[in-house]
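Letters A, B, C and D mark the chains in the order given here, with residues in each chain numbered from 1 onward.
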Amino acid sequence: MLTDLLPAPNLLSATGLACRRGERRLFKGVAFSAPAGSLVLVGGRNGSGKTSLLRILVGLSSAVAGSVAWCGRPVATDPLAWAAQLFYLGHASALKDDLDAAENLELACSLAAEPCSRDARLAALARLGVAHRAGLPARLLSQGQRRRVALARLALTHRPLWVLDEPFVGLDAIAMAELGQLIETHLMRSGIVVLTTHQAVDLVVSRRIVVDLDAASLEAPA
Amino acid sequence: MNALVAIMRFELLLAWRRKSALATTLGFFVIVASLFPLGLGADPQLLRLIGSGVVWVAALLATLLGLARLFAADHEDGTLEQLRLSCVPLPLAALAKIGAHWLVTAVPLCLAAPILGLQYGLSASAIGVLVASLVLGTPVLCLLGAMGAALTLGLRAGGVLVPVLVLPLEVPVLIMGAGSVEAHMNGLGAGPWLSLLAALLIVFVLATPWVVAFALRISSE
Amino acid sequence: MATLTASRSRFFRYASPATFYPLAGRLWPWFAAVAAVLALAGLAIGLLIAPTDATQGDSYRIIFIHVPAAWMSMFIYLVMAFYAVLTFVFQTRLSAMMMRALAPTGAMFTFIALWTGALWGKPTWGAWWVWDARLTSELILLFLYLGFMALQSAIDDTRRADRAGALVALVGVVNVPIIYFSVKWWNTLHQGASVSLTRAPSMAREMLIGMLLMALACWMYSIAVALVRVRALIVERERDAAWLREAGEA
Amino acid sequence: MPVFWNSVSEFVAMGGYGDYVWGAYGVTLMAIVIEVLALRLRSRRLGTPAQRALGAGQS
């Protein structure tokens, strides 16, 4: 078979995912299949479980039912290898208040075993327009600036899958455009991006998959 | 491996930038140990008898003080998520954090202990045994405290819960630590007690990081 | 192989709250009744029939409640640890609920063991409390129970509460021997009183029978109380589950 | 088996250890009564299955 000889292309798929938070059942039967180059938009009301779905995808939480597969293999078998395939940015920006922007970026890169030079870090910060704040402790940065420092990781990472929780929140128009460009480039290089957002995002993508959690919800809409 | 070094390095750097918090722990230790003579009277005979126990109880409480928040900041600012998704197995990452915490909080206690020992009139050799027992025992206290901190992550009652959960488990360390000094002063030799402490330390270093990592997963799922 | 799967599936059927709820409801009155009968028999033998102990006088009659309570306090903790293992291995919700249902009863027996121990100690050693290895370990066991219950009540999310509780129970059970032996050695260092309530000098046959009856009564009582409590826990957790509503309509 | 005691007052006195023996058994009884009552209260508050079904139907 010819297909066996080719390197497996990136493919993120989920089947029958169900989630409950405490006593509340959030959704069930969430399934999608995202080939290389696709943007997966997770939508739904507040509290419909968007963040929970992302956490299940990356392996931070476990689903009540269903499974996630990467290139056809279930990811639950080797969480450490799965974590090495993805970049995750949650609600919190994972910045240490007492470290400056460049140091925060360095810490994040070394945790992911993606070492990078100081120049590369400064260039990444410059790309998101926070290079002039590189030496300031994170606690002195505004909310938007903190988000930008966290997003500067996107310019440094080589991971094929990005999972971003509300990446556009708190950004101004310039930063939003820059982030959009980063995402578009990543998709063009056969990456996959999963993100949740409330805003209408204007992205040029060849393949867009929408996961609507309201449709998979187990509760009647309020 | 590099990531492990980085965790440790940044943990120490962060501790250095929050120096006042470390000084508070040390201050607490010295104050608690100095209160006992005021409450019990300054009879030198009595002080010599209770000295090692008092220093040990003070060390127990002082290590708990900072440990309750060991993972709390990481949990709140999202670093814990990145730690769980990092290339380092979580038990090792936890061990690195606990190790850094021990270096910055418990080592100063071990260094301050001889001064307190002198206050209580302990002999030079007894002070040596006291410091040795603290060096062997405080890592176990840190490991157990880290377990409590991981279990109570993000709970409203977390700060009060950690001592309730952890202190009963710390009893053997207290007994062996204070017991070693007492055995030395009674002329029985501190060797067996210190060996027991060392054995306890080895077992806990090998086992507790996995428990802590498991607790962290349970608490941050 | 087929029988194995069948027994396995039967096990899991009883492990489901929906099946266990009515079963527990049918069983607990029987356990309670047997407990009452055994306790009455045990007390009759222990307090009315058994002769006075030659050395301790009638104060020894406290052992008929003290020893069974001390046994139960330790045994219930072991059972909790067993349910903790089940919670992790099979991920059954019921095992975690059983663990939670047992804890207050275990704590109660620990308290009773301490209290009766003190009341026995006063006339026997002339002190309410002696830092003896057994008593001290029992006190720490009470702290372990309290820690477990405090953690359970502090966590709102039931899945987290179950798993965290199971972990605490397992860590506790591993540490109990370490605690016991360290206290024992500490005791030798201080040459404290080493006494044993169970080592009655001449254990008459009536004494032994009375004590065993009381121990069995405590067992039955614990099972009955745990079953009732687990029913309450099931209702609290699964209020909106369909099967509970059906159980009400039937 | 014969009863060991000759009179009720002797039984109550417990050979001079009455306070201790009855203190032990009294507190045990109290602990059990408290536990049983607390459990009944808890079950009562949750209601019988029939009442719960009724409540669920109304809401």
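Rule of thumb we're sticking to: a residue touches a chain if its C-beta (ideal position, glycine included) is under 8 Å from a C-beta of that chain, and two chains touch if they have at least 3 such contacts.
Just so it is clear, the model here is predicted, and its values are computed rather than measured.
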Reference chain C; chain at largest CA-centroid distance: A
Chains linked by the largest number of contacting C-beta pairs: C-D
Approximate Å spacing (C-alpha centroids) for the pair chain B, chain C: 32
Geometric centre distance via CA averages, chain D-chain C, whole Å: 17
Centre-of-Cα separation between chain C and chain A, whole angstrom: 48
Separation of mean Cα positions, chain D and chain B [Å, integer]: 44
Numbers and ranges of chain A residues touching at least 2 other chains: none
Overlap residues in chain C, where contacts from two or more other chains coincide: 159, 240
Sites on chain B at which at least two other chains make contact: 221
In the complex with chain A, residue positions of chain B that touch it: 2-3, 6-7, 10, 13-14, 17-18, 73, 76-79, 81-89, 220-221
Parts of chain C lying in touch with chain D, wherever the complex brings them together: 45, 47-52, 57-59, 61-62, 65-66, 69, 104-105, 108, 111-112, 115-116, 119-120, 122-123, 206, 221, 225, 228-229, 231-232, 235-236, 239-240, 244-245, 247-249
Of all residues in chain C, those that touch chain B in their complex: 140, 143-144, 146-147, 150-151, 154-155, 159-160, 163-164, 167-168, 171-172, 175, 178-179, 182-183, 185-186, 189
Chain A residues within the chain B interface of the complex: 58-62, 80, 83-84, 86, 88, 90-99, 103, 106-108, 110-113, 115
Complex contacts: residues of chain B adjacent to chain C: 147, 151-152, 155-158, 161, 164-165, 167-169, 171-172, 175-176, 179, 182-183, 186, 188, 196, 200, 211, 214-215, 218-219, 221
